[in-house]
């Protein structure tokens, strides 16, 4: 089955990102497809390469980049939401790509299931 | 009277920042003192110079910088919270300064009133 | 010590207003702002303090198209200057999120 | 079409669970996760669906020190694999914030 | 691109949280991309439709302007839950758009009838 | 620096929101800077004190580790509202720290008695 994930909160204010990462891993472990994750609203803050938590603490931005590198999951962030929040091409973590909102529509249409993580 | 303001949400997910900016302006208009505003939690995202909302839309980051320049209000952001969220010295908007949490204690002790804006 | 209690979340969505009212003392005041201004509208079924003044931030009513609607008995609109005056007049303040 | 309803906010703080239950259909299921796992604890006074299965995300119970506590009648713990299975089994899902 | 029936669930009041505006933008774009888009306004989401909004009073962009676009775009339905209006002391006459006012039971059926429900 | 009596209001459950941890960090630093610091746990905040937390299950830093620091630091009081515990099916025996369990009326008086109340 083909899953889509939408993330609407940033990585450090809420648990939503941790839940989304754990769910994404489980989707792939169960043998389902997860071609894309879309980040909208404050969710685009997950793409900030400058995020530097203390050593030993959770590092969600890196978690997403690893998911992209190891599993080929595309990480799409909304251009409008990103510009407002100061997430730029130059500060994008590996695996993330800035796209238009049309890509969100595309992800929804292509997927069998959508799971949203927010607050 | 000496006021202190604490902001705990980012500039684009919640109204908290707009309310804080409007309140800060009114404090000064009423002839009170507002030496410092402290940004904690997701509030540190208010300091991101890279924030670029569409022309004509609200621009809270610039609003804070203007408050600092025109009224001499110090804008303090918590170092730990900022590092986690990828807000760095190099991307700081004018008027903001990265400080330790001890400065929050200092602000509280020196103030007659604390008003917190969050969600 | 009298406190100014501030609530910003809608009482239809969050329980912040309930939490505030559960710790109410005689002499305290309530300021409803942002989405919480909905609690001040005539006809709203959400709770308000049994005693003590209730203030509503007028710019938040105006933004939401609610400024012309009747308010519940005893609710008084204030602008940001009035908000500052309240913060100065009461001994302290508590924000309920 | 049966739906999997997901609630993450604590029912003591938010009204998301109430909003969800107000739009409940026969055949739907509920997944409680993050702070909402509190709604599944024996003794909690918050509402649950009158009919239909209730699942609770186990890692969220474990993190909060609540995994050893008795759950309310009919609440079933699932791990993230079980969460995925539920999402696949039901025709669709709704997140309530 | 195939066509799906997408139901956007708007449950947040305008201005207090950025999600109200961002949800509508996403719905408008999905409609522009040829999807079958229905908007449901319930709970505090009904406040988004109230006539006479003046967002400038809090320095924000008007949610009303986005709402006004619904008519021009190819939005297939605007559904409003009657109970949500009543609980807030609002009536259909207070709204700025033509909408289908539905009882809760009908709105619940609309949820189940969509190919996908989007909430944020 | 003068000394003030600061009351930190902890109303959020741990892990779901970053504020629970960040509030405690702020309180610990204020205590280290010589302020009179009291912590009040009420509403969902009482979940922060529950024994047996294993934050690794959701990949987070343990709130329990921060709570354990309260004893070592110069925190003047840890107050817990009895009604908040009872509503959640919790009892004082479930908590991992020594705390003053107070009825709601006493906690309300503690709010009014502080020089400043900090909530986040």
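As written, the chain order gives the labels A, B, C, D, E and F, with residue 1 at the start of each chain.
FYI, a residue touches a chain if its C-beta (ideal position, glycine included) is under 8 Å from a C-beta of that chain, and two chains touch if they have at least 3 such contacts.
Note that the coordinates shown come from a computational prediction; the quantities given were computed from them, not determined experimentally.
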For subunit D and subunit E, chains touching each: A, C
Fewest touching-chain hops separating subunit A from subunit C: 2
Chain separated most widely from subunit B, comparing mean CA positions: D
Farthest chain (mean CA position) relative to subunit E: F
Chain centre separation (subunit B, subunit E; CA means) in Å: 33
Centre-of-Cα separation between subunit B and subunit A, whole angstrom: 28
Centre distance in Å when subunit E and subunit F are each reduced to the mean of their C-alpha atoms: 39
Centre distance in Å when subunit B and subunit C are each reduced to the mean of their C-alpha atoms: 24
For subunit D, residues that touch 2 or more chains besides their own: 8-9, 12-13, 19, 34-35, 59, 92-93, 95, 97
Touching two or more other chains - residue numbers and ranges from subunit E: 11-12, 15-19, 43, 58, 60, 116-117, 119-120
Junction residues of subunit A, two or more chains touched: 12-13, 15, 19, 22, 41-42, 57, 80-81, 114, 116, 118-119
Every chain pair in contact, whichever chains are involved: A-B, A-D, A-E, A-F, B-C, B-E, B-F, C-D, C-E, C-F, D-E, D-F
Subunit F residues touching subunit A - in the complex, by the definition given at the top: 15-19, 58-61
Residue numbers on subunit C that touch subunit B, as the complex places them: 6, 8-9, 33-35, 59, 79-81, 83-85, 87-88, 92-93, 95, 97
Residues of subunit C that touch subunit E when the two form their complex: 8-10, 12-13, 34-35, 38, 41-45, 59-60, 62-69
Contact footprint of subunit A on subunit E as seen in their complex: 1-4, 6, 18-19, 22, 25-26, 29-30, 32-33, 35, 116-120
Complex contacts: residues of subunit C adjacent to subunit F: 1-3, 19, 22-25, 92-97
